[in-house]
Structures are given as C-alpha cells and as structure tokens.
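Pasting a structure here, questions to come.
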Amino acid sequence: MPGTYKKIELVGTSPVSFSEAVKSALAEAAKTVRHIDWFEVVEQRGNLKDDKVAEFQVVLKAGFKIEH
Amino acid sequence: MPGTYKKIELVGTSPVSFSEAVKSALAEAAKTVRHIDWFEVVEQRGNLKDDKVAEFQVVLKAGFKIEH
Amino acid sequence: MPGTYKKIELVGTSPVSFSEAVKSALAEAAKTVRHIDWFEVVEQRGNLKDDKVAEFQVVLKAGFKIEH
Amino acid sequence: MPGTYKKIELVGTSPVSFSEAVKSALAEAAKTVRHIDWFEVVEQRGNLKDDKVAEFQVVLKAGFKIEH
Amino acid sequence: MPGTYKKIELVGTSPVSFSEAVKSALAEAAKTVRHIDWFEVVEQRGNLKDDKVAEFQVVLKAGFKIEH
Amino acid sequence: MPGTYKKIELVGTSPVSFSEAVKSALAEAAKTVRHIDWFEVVEQRGNLKDDKVAEFQVVLKAGFKIEH
Amino acid sequence: MPGTYKKIELVGTSPVSFSEAVKSALAEAAKTVRHIDWFEVVEQRGNLKDDKVAEFQVVLKAGFKIEH
Amino acid sequence: MPGTYKKIELVGTSPVSFSEAVKSALAEAAKTVRHIDWFEVVEQRGNLKDDKVAEFQVVLKAGFKIEH
Amino acid sequence: MPGTYKKIELVGTSPVSFSEAVKSALAEAAKTVRHIDWFEVVEQRGNLKDDKVAEFQVVLKAGFKIEH
Amino acid sequence: MPGTYKKIELVGTSPVSFSEAVKSALAEAAKTVRHIDWFEVVEQRGNLKDDKVAEFQVVLKAGFKIEH
Amino acid sequence: MPGTYKKIELVGTSPVSFSEAVKSALAEAAKTVRHIDWFEVVEQRGNLKDDKVAEFQVVLKAGFKIEH
Amino acid sequence: MPGTYKKIELVGTSPVSFSEAVKSALAEAAKTVRHIDWFEVVEQRGNLKDDKVAEFQVVLKAGFKIEH
C-alpha cells in the first residue's frame, strides 16, 4: 500500500447489531470521503430503553489514501 | 445525564452470537437492577466443543442511575 | 482445567460478519490442532471495496491442552 | 489496611467541574455504602449544550472495607 | 443518539487549570465544527516556567454528528 | 458456562504473601456471595513498615453466576 | 504553546525504513495542513514480498495549531 | 528541545483539588531538581475521611534537562 | 543474546500456587521445545471449588532461540 | 486477504539498528515459515556493553496464511 | 498521606520466588532510600537454566516521602 | 542477572534519527550512571520546523545494577 493514508474516527449506530452499526458509519462517511480502504473497531457500546438494547454503537477508525 | 450512576460488570453467554450474549446478560440483570441506561463491551471470548463454537461470552459493563 | 495449555494467535476472515470470521478461523485451525478449548477476541478489523465492507477480520487467540 | 475491601465503579456528574463531579458521586454513594476509604479516577468525559460544556462526568472506583 | 458521529482530537491550553484548557479547546473548535455533543479527556500535561506551572494542556476527543 | 455471571472487584491483604491475600479476599467474599467460580488478578501492591514488607495487597475480580 | 491544537492520524509508508515512512507521511500532510508542530509514533508495521520487507508502515499523530 | 532529559515520577497531595496537588508536587521537587520543563499526569486518586474527600492525590512525571 | 528468538504463549495450572503453575507450564513445554531462555507473566487467574481456590492459572510467554 | 492467517511472535537482534533487527528476524523465520505477509512491531529494547549500545532487539509479530 | 512522594522503579531477583524477589529489591533499596512506604508490582519475568526456572524477576515501583 | 537493578526514564533527542536519539540519551546518562545494562523504548516522538522533521525524540528506560 504505497502512499500516505489518513485515519479518521467515527461512531456508527444501529438498532439491530454491531455489524450494522459498522456498515452504517462507513456508508455515511463514504458520502464525503473517497475510497476508504480499511477500518478498525475501537470500542463497542450501546444504549437501553425499557430494559432492552435500543442502540448498538461502534467506535471505529477508517483509513483512506490521501490523494491530490 | 445529571445524577450519580453505578457501573456493574456482567458476563453474558449465548450459543448463537456475541450480540445475543449481550442481550442475555442485560435481560438477566434487568430482573434485579432497574433502568440500565447503557453498556460497554469489555471482552469477547468463547468456548468450543467438538471443534465448534459452543458458547459466545461477552464481558460488559452496565451503567444505571442510583435512585433513592 | 488441570494440565498445560498453549495459546496460538489466528486471523479469521469472512465476507459476512465478525462471528463468521471467528468460526472460519477456528474451523481452519481445527484441521491441524486438536481439541481447541476456548478463544479470546483480540482485534476486529475489516477491508472495504467500492465503499462497502468486503471482508470482516478477527484476530483471536485459541487455547488448547498440550497432550503427549 | 488489614482486612478485605470492595471496589465499586461510579459515574459522578457536575455542571461545574471534574472535582465537583468526584465529590458528588462519593456523597451519593455514602448514602448506602459506609466508610468509603479511597477513590481512583478511571475516566473523565463531559457533554456540551449550545457549544458550551454542560456537564462534567468522572468515572471513578471507590474502595471500602467489607464489614460484618 | 441515532446517526453517525465523528470524533476529532484536540489539545487545549490554559494558564489557569485543566478545566479551563478543556473549555478553551471546545470553544475554539466550535468556531468551525457545529454541534459538538461530548468530549473525552485523553491526556493531561503541562509546561513549567521558573519552577511554576505556566500552562495546563489537555488532549481530548470531541464527538459530533455528521450532517449533510 | 451457560447463564449470566457477575464480576465484583475485591482487595485482599495478607502479612504473608500475595497468594494468601488472594485466598483471604475470596474467603471473606464467600460469606456473602455464593458460589464464586473464578478470579482474575488485576493488581499487586503492598505496604512497608520499618523497611520491611508489612502487607501484601492483591486487587482481583471474582466471577459468580447470577441465580434467582 | 498557548492556543488550541488539532491532532490528525496518518500512515506513512516507505520501502526503505521507518524514519523515511515518518518523513514521507509528514511531507504529504504538509501539502494541505500548515505548520505541523510535532508528531507521535503510534504503531510500526510492514509488509513482505518474496520473504523480504517490501514496505515499512508508521502510524503517527501530527499536531498543529488551529488558526483562523 | 535538543539535549537529554530525565523524567521522575512524583505523587502530589492536596486537601483542595487535583491542580493544587500538581502544583504542590512540582514546588516540592523544584527544591532539589533545577529547571523542570514539563509534567504529565499519570494517575488521579484520593482518600476520604468521614465520607468526604480529605485528600486529592496526583501521580505525575516531571521532565528536566540533564546538565553538567 | 545474538540470534533470533521465538515467543510462545502458555497457560500453566497448579492446585498449590502461581509459582508452581509457572514451573509446571515450563516443565511441560520443555518436553517439546529445547532451551527456553526466559518467560514473562501475562495474566494470573484461578478457579474455585466449594468456596476455596482449587486451581491457580498463569498465562505466560516463553522465549527460546531458533536453531537449525 | 481471504483465508485464515496465523501470527507468531519473534525477537530479532542486530548490532546495527532496529530495522536490521526486524529484517534479521524475518529472514530467519522465512527458513521454516512460508510466505510471511506482514509484521507488527510489539516492543523495542536493547543491551549495552561498555556504555555503548551493543544490540538492538525488536519483538515483532509475523502473519502468514495457513495453507494445506 | 499529606506531603510529596517520589516513586522509583526497581528490579528484584531471586532464585526462590516472586515474593522473595520483591523483598530482595526493597531491602537493597532501603540501604540508600529512607522510609519506603509502598510498592506496586509492574512486571513479573524470569530466566531458565537447563530447562528449570533459575531466577524470578519482579519489576516494581517503590514510593517514599520526600523529606528535607 | 542476580542482584537488584534500578530503571530510570530518559528522553534522548537527535536531528538525524530515532536510533541516534537512543544512543545520545544513553551516552549522556553514562556520564553519571555506571554500567547501564539494557534499555527499553517507551515512546517515539519528534518536532518539525518549516514542515520538516527537526528533531527525533525517544523516551526510554535504562536499567543498571545497584552497587555499593
């Protein structure tokens, strides 16, 4: 992977699962950042409502090539 | 989130997946702790039986408001 | 668990989910290592292709008894 | 410090400062736990409202002697 | 907190205290980033001059919703 | 280990050794918590008096099944 | 260092050495970010090709003053 | 900052606040170490007496140039 | 220590103490690995039976020279 | 990178530099392990003799595909 | 514990056990440092000779009050 | 390595490379500390000037035997 890359930190959320939260964050980021190459999960959390998991949250880093 | 919160550490287990193990632990805890607000995944492990994953285990912290 | 155990570090991959990546790594390892008892997730990462998650990667440790 | 001690994890909040959040959590805990001896700061966070810090949050552990 | 969030890393400085350094960094960031929701303290440092603390420095992460 | 487990954090002390401190904490905890299954050492410390180790201290987590 | 600073995370690569990878990342970043003041090495990795190191990779954080 | 530096580890205490504990430790250290340049907070703890914070404790590292 | 070394991860168990668990793991490993030079303790755990410590477990890394 | 990978931990040594220590460990490992794909630096240490660096030591993990 | 404290890092060794290595390091340090108050275990390692543990090594921090 | 050892923390700097920064710190320390045996790299950082690396900084620990 020659070149220089940047890593940004995102938090994705989903009512369904951690993997959906990952996909959701990357889909949202892809709207403004081109060609994200990889991601790394940093943290997994969530919220409850009425004693049930209401939201899965995943903190992740996304890496992409710096292009000019 | 004004007020004071307590965090307890739980281990949930599930034969199906990590997310089911999370839900299982929080459902069990909800029987004695009222109004858990959030959780944080601390560790993900599991056991095998006959060369197959028999149990997913998730260590998590659950936070809830201290009420009097 | 009397006896001595060894832990090896594996990276499983799957186009579907993290849990499939875990299962895939353990199934592959079971071809040469007998009686893996437990696993611990060390890291969760992944690659993207065309702005979509193409591969889930899980780094895990697998523990098994040393037998002679 | 002979004897056995227990450590519990608390989250204190304050609109003023981190130290007030520490004091607030310990004062609340003292209502149900007797003789807390020491505390350890684990995490410092906070929320904003209208671009200003609205709440300081301190995650801390509190240690006290188990007495019968 | 449905949606996707971004976390950026800042270093605030203040001649007075750590909490002033936190507020200073967030006030500065608010000039270009809208609606920061929360922050997490990552590191606390400082410089001395003539054997006295001349500057408190706080490394923190600030999280905000990605909006289009 | 199907079911849900809780982990509590204890500090055991002993004038003799770290292992005695571990045993002491678990014996004390067993008076109020039933069926502790496992423990994990988190920290090892100690105090001195007159230039000699006067007390070994072990911070540990104890895990047990939640039963109703 | 009065003022507010931002830290960004970069990955530099070089076929030659880790230090060249550091320089390469900072030179690339300097094209769009003005006045980077310092950097911190976060991770050192690399790829092999035909049993030889083909690429050194350095993950680093670069800090610079926010100016308006 | 050309030259070689040494870092020493200190614990400052104060009945008032964490920042006073930092200043107290650095003032004490300045009596025997010349020209401390910077400090880094490593740990924040404290003791209670009669259910109130009696002492704030800050573990910190202090860096200074080695001079001959 | 010129040359190249390999580190493997082991778990030793003993009903008696942590140090016996260390010795037990290294004795077992010595049956198949020649000339282990050093070890590093990674984790200390244990199991209980009838409210008493039944097994001490030590996770350790063992290093030895690669020889051909 | 579809498939399953294994990571082994090595310590390379060199009288010259850290990068030579990395290359030395990977060259030695390549004699028995085929197709190492990547490495990650875990630790950097060294020994001195007569007040000069006599040996650079790098602890690293090497990853390669499991093939049958 | 009012006042200012210093922490130094020591490595104790013993052919017998980790606890003897702790005591040995503190006894040696007491020859030049007065009134060490507490210690914290940082790392536990050891060397082997002829496939047996020849030396237990404990890295620890020792804290003592700065007095003038 | 029988005996007791002390570890001190140093920061070496060099305009050339990280390894020169290591050597520079150890050469400076050798002027007042006799027989440093080993070192461990703790942190790698650096400063820039005019968009170029002006100084490599290495935080390291140096270990030596306590002799009387």
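The chains carry the letters A, B, C, D, E, F, G, H, I, J, K and L, assigned in the order they are written, with residues numbered from 1 in each.
Throughout what follows, a residue touches a chain if its C-beta (ideal position, glycine included) is under 8 Å from a C-beta of that chain, and two chains touch if they have at least 3 such contacts.
Since the model is a prediction, treat every value here as computed from it, not as a measurement.
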*Write the angle of the rotation needed to overlay chain G on chain J, where the fit uses Cα atoms and the result is rounded to the nearest 5°.*
120
*Pick from A-C, C-I or K-L: which interface has over half of its contact pairs in common with B-C?*
A-C
*Give a one-word verdict, same or different, on whether chain K and chain L use largely identical residue numbers at their interface, taking over half shared as same.*
different
*Please compute the C-alpha centroid of chain C, do the same for chain H, then give the distance between them in whole Å.*
44
_Between chain A and chain G, centroid-to-centroid distance (C-alpha), Å_ = 22
*When the centre of a chain is set as the mean of its C-alpha atoms, what distance in Å lies between chain A and chain J?*
31
*Note the residues in chain D that touch 2 or more other chains, in rising order.*
8-9, 18, 47
*Pull out all the chain pairs that touch, please.*
A-B, A-C, A-E, A-G, B-C, B-D, B-F, C-I, C-J, D-E, D-F, D-H, E-G, E-H, F-I, F-K, G-J, G-L, H-K, H-L, I-J, I-K, J-L, K-L
_Residue ranges of chain C in contact with chain B within the complex_ = 18-19, 22-23, 26-27, 30, 35-41
*Contacting residues of chain J [partner chain L, same complex]*: 17-18, 43-48, 51-53, 56
*chain L contact footprint on chain H (complex, rising order)*: 1-9, 61, 63, 66, 68
*Any idea which chain H residues touch chain K in the complex?*
8-13, 15, 24-25, 28-29, 31-32, 47, 55, 57, 59
